[in-house]
Each structure stands twice: as structure tokens, then as C-alpha cells.
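Below are two complexes that have chain A in common, paired first with chain B and then with chain C.
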Partner chain A sequence: MAFAWKASGLTYNRYLAVAARVVRRSLKEGERLKAERRGEMELKFAKWENGKQGENKSLAQANASSMAEGAGHGQGQ
Partner chain B sequence: MSLRVAQAATRIRPLAFRLPLQRRGYADPVSDKIKLTLALPHQSIYKSTDVVQVNIPAESGEMGVLANHVPSIEQLKPGLVEIIEESGGSKQFFLSGGFAIVQPGSQLSINAVEGFPLEDFSSDAVRSQITEAQKIAGGSGSEQDIAEAKIELEVLEGLQASLK
Partner chain C sequence: MLSRAVRPAFNAAAVVSARPIAADAAGYATLREIEGRLKSIRNIEKITKTMKIVASTKLNRAQRAMVDSRSYGETSNTVFEKAETKPIESEDKKTLIIVCSSDKGLCGGIHSGLSRATRRMLEKKPNSDLVVLGEKSKAQLGRSSGKNIQLSFAGVGKDVPTFADAQAIADQISLLPTDYADVQILYNKFINATSYEATPIEAFSEEAIRESPNFAAFEIDDEVLANLREYALANSLYWALAEGHACEQSARRNAMDNASKNAGDMINRFQILYNRTRQAVITGELVEIITGASASEG
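And then the complex of A and B:
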């Protein structure tokens, strides 16, 4: 099966996250506020080299740029 | 000693033979129910509950799952799952996409990220998001932004059709 989002470098994980986000935003006010908290992700990571911690990076941003790089190859990450 | 080994061997053998044959006689009742587990990361909506039929929006097309369905794994589109319960009533949930796994022994597991009954959705919110997503999809954003807007549009249009 060919998926258009795959050609743009998006991963299946990202596809699911986008679909879930839009479902949460379509809820009625009360449910929406409760549900939208589940979509938040603020993970950060740093690479350690020679015993020293590197720069702190946001995982979401790193994923987005790796998906942009993967565009056209039909694969991300 | 050798005699005892031979005896043990003959005793074990018939058992090993009988195991893989799961014969069913005329009098054995066959369950015509399917055990449904519908799980989200934060909640289980159904937990191995007996239901009559489940209609799922698989990527390969809409399909209905009854008892004794052939084992299979289906990727789900964001869409409506319909569950026909033992009492005859039916329930509908809009799932954001995931997988349905039919296991031997009439077991069905559905995993999704988000799933809500239709009455939890607001058609106003859906409508305003469609205009928003259309703007991004037709705009000059990055390839990824456009792809994400197109995913959103697909979900929203499915949602709008289900809400009518």
C-alpha cells in the first residue's frame, strides 16, 4: 500500500500522532481539555561524548528534521 | 533399564499424538460470540467481552468480524468501529487509527491511540478545523506540514461523514 504521507518522509508513528491530535481537537470542550493533555510531549535528549554531555535537544524537533531529510526516499528515521 | 525406557516411550507417544488434534464432536456447543478487547493507551473500553459482531475500518476495506474468523492482522484507517453486542444493541466509536488483530479462538484485539463515542464530538470543531487544514494543505508550507494537513483532512472528513 502506498501512503502519501510516507513519501513526505513522515513515519507511521508521526502519522498516528497527527491523526490522534486531530481527533482530540474535534471533541466537545470538556472532553477535549482532558484529552489534549495526553498529546503533549516534551522529551529532550543529549548525546554524551568523551564523558561530557552534549547540547540538550528537543526530541520533537529532531524527529521533524529527520523526517524532512527522509522525504522523497519514502522512509524516515 | 532399557525395558523401562521403552515403556516410558510407549506411554508418552499416544499423548503427543492426541494433542494437536482438536476434535469436536456433535454434542459440543460452539460459541458464536467473539471476545473483543478494545484498548487505548490510557483506557480499555472492552476487556475480553463477548460480542456478536465487530465492523472495522481496515486499510484494505471495511470488514465485519464474527466468531471463528480467520486469524489476521489489519491496519485500521481513522474511522468508525461498530460493535454489535450480545443484547442486540450496537455501539459506535471513532478511532484515530491503529491495528486490529484477530487471534485463533474467536479473539479480537483492537488497539488505537484515541477512541471516543460519536456523541463526544463537536461538529462545529470539525468544521472549523477542516477550513484550517484546507488552508495549510493548499498553502506554501513545508512538505511535511502539507502532508500533516492532508492526514488531518482525511480524518476530519471521515469524522464529519460519521457525525451526519
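And then the complex of A and C:
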């Protein structure tokens, strides 16, 4: 069983996040604002090597780009 | 002014008055000092009180999120309980420890409690890898065991953690190159409003899930297994983050409550000291006036 989203390099979590975003966006105005606040994510992360912290990067961008790398044929978003 | 005017008379007349004058001069200085300290302690009390109120309001929301996320995480883990999944015991594969702390301090010892628990786990398995969420534990663990850290996340704990946070973290963790035998998510378990305990949640690797004794009861395709694993990791992370957040808020509330209480005690003490010193100064001045008057009369 091959999934279209898997073939386009998304992880299951990413797939869920995208689906959840679509649902949130299709809500009514007032509810939508409340719901969209639940979908926000502003984390930063850094890779460590040999006890040294690397550069601080935005997690959202890094995730998107790493998934784009793994994509077979374009992003399925 | 007055004391200077009568001083010649004093020096000539009474030797005893030398002590009151010295105390008097010091009394003026300390009186002002005490006033200054009182003022600053009052300001600190105001700040800690405000922070306590803020923490209490946030605590309510955080606790609600915690209760929700707990049932969520527990439901997600029921699968593994029923399947009797156990972590694989193998020597050559590493363990990953995910530490869920946050960015903010001023909340007592919950971050250092987590760091201590992590160090204890590292003693048992020295080649485990670490993923640290939150600046506080990162600073503490970075000093003692920086070599083990693979990833660190910042920006945790500004608000009630969202599932989107957990998902993004889980994604980045699953991108790590090493294949881990088991994943331990270390978080502060909320026991009651005043006590927490650093507790690990297991998140299993695919292999561990596949080898669990009751695995056949669930008809899971191999292809979907990776999804289940990623999703379960995100669920557990969300649970750990939300519960950790609630613990942090409640710890902050308690810490600020204690700080306000201590400031109140100090204010009382200084107020009494201040009044006493003020009275002593007034008495000193009166003595000066009276002795001065009686000396000039005689």
C-alpha cells in the first residue's frame, strides 16, 4: 500500500499537520482564529557535534526543506 | 543644625553625651539606609506577587491541557500495553533520551531535577544520546554531558505546548541518523501542586514494536508501522510537554508565593527596625535639646 504523501517525502506527522491545517482553515472566522492558534509552532533547534552547539535554526523551515529533499516528485502540499 | 550649635556645650559639660552623638550620627545614616532597603524589598514583593498571579492564571490553562494530553497519551500507549511491547535489550544499539524542560527559569528546582535524573540515566548507559527541549536543561546538561547531546530545541514553554510543536520535534528526531533501540522521554510528572517527579515515558522503536509478543493481535502492515511509531512519538512528546508545562507553572507559582512571603517577613522586620531607630533618633535629639537647654540655663 503506497501512500501519495509518503512518495512525496512527507512523514506521517507532517501529513497530519497539513491535514489539520486544512481543516482549521476551513472553519468559520471566529473559530478559525482560535483554532489556528493551536497550530502555531515557533520552535528553534540546533544540532550538536562533539559537545558544541551548532547554529540555531528555525524548526519549521528545516523540516520543510528536509522533506523536500526526500521528495520523489515535488511537495504534495 | 541643632546638634552642631550645642556641641561645644556638650563637649565641655558631659562626657556621657559622646556616645549618644555617635549613635545619633550613625542612626541618621542607617535610618535612610533602612528606608532604602524597605523600599526595594517592597518593590520585589510587588514583582513576585504579580508573577505569582500570572503563574496562577497560566496554571489553570496548563492543567487543563495536561489532563487532556494525559488521556491522549495514555490512550496512544494502550496499544503498546496490549501488545506487551518491551524495549529491546541489546548492547550495540543506543538509547535516546529526550529531556522535556523549558526556556524559562524562576520556578524552583524542576529543571535541575530533570537534569539530575538525566545524569543518573547517563551513568547507567554512558553512550546514550540526548535530545534537549528547552534552554534551561540545555545549559545544565551542555556543561556536564555536552558530548551526548544530538539536538537541542529552543522556544519551548512560552505558552501551552501545541500538538504542532510535538509533531515538529518528533519529525526532527526521526530524522536523526542513528537507529535507536529505545527512546525515553523524560519529563516532570505532576503528582500534586507541590511535588513533581522526573519520570520517563517509553517510546518504542519499530523493531521493538514488531517483536512484541501480542503484536499479531493488531493487524498492522509493515509499511504502516513506521507511521504508527512516528505518531506515537509525537503523542508521547505532546503528553510530556504539556505535563511538564503544567509542572513548571505550578512550581513557579509556589516559588513566587514563597518569595512574596519571605519579602513580607523581611518588610515586617525592617519596619520594626525602622520604627525603633526612628524613635531612638528622636529620643537622642530630645536629650540633646534638654541637656543643651539646662546647660545654657545654669
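Here is the rule we go by: the second predicted complex is superposed on the first by the 68 of 77 C-alpha atoms of A that agree within 3 Å, B and C clash if a C-alpha of one lies under 4 Å from a C-alpha of the other, contacts with A are read in each partner's own complex, and residues count from 1 in each chain.
Criterion: contacts are C-beta pairs under 8 Å (C-beta built on N, C-alpha and C of every residue); 3 or more make two chains touch, one makes a residue touch a chain.
Note that the coordinates shown come from a computational prediction; the quantities given were computed from them, not determined experimentally.
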Exercise. Return fit or clash for chain B versus chain C, each positioned on chain A through the superposition.
Key: fit
Quiz prompt | Angle, in degrees and to the nearest 10, that opens at chain A between the C-alpha centres of chain B and chain C | solution = 90
Quiz item: Now for A:Arg38: first (chain B), second (chain C), both, or neither, which partner does it touch?
Solution: both
Exercise. Could you tell me if A:Asn13 is touching chain B, chain C, both of them or neither one (first, second, both, neither)?
Key: second
Exercise. Using the superposition on chain A described above, determine whether A:Glu29 touches chain B (first), chain C (second), both, or neither.
Key: first
Quiz item: Touch check for A:Gln61: first (chain B), second (chain C), both, or neither?
Solution: neither
Quiz item: For A:Lys52, is the partner it touches chain B (first), chain C (second), both, or none of the two (neither)?
Solution: second
Quiz item: Between chain B and chain C, what is the tightest CA to CA spacing in Å in the combined model?
Solution: 6
Practice problem: Jot down the residues of chain A that show up as touching in both complexes, chain B in one and chain C in the other. | Solution: 1, 14, 16-17, 20, 38
Quiz item: For the complex, which residues does chain A have touching chain B?
Solution: 1, 4-5, 7-10, 14-20, 22-29, 31-32, 35, 38, 64, 67-68, 71
Quiz prompt | chain A to chain C touching residues, read off their complex | solution = 1-2, 11-14, 16-17, 20, 38-48, 50-53, 56, 59-60, 62-63, 66
Self-check item: Complex contacts: residues of chain C adjacent to chain A
Solution: 138, 142, 146-147, 149-156, 158, 162-165, 167-172, 174-175, 221, 223-224, 226-227, 230-231, 234
Self-check item: chain B - residues contacting chain A, complex
Solution: 41-42, 59, 78, 94, 96-98, 113-114, 116, 120-122, 125-126, 129, 133, 142-144, 146-148, 150-152, 155-156, 159
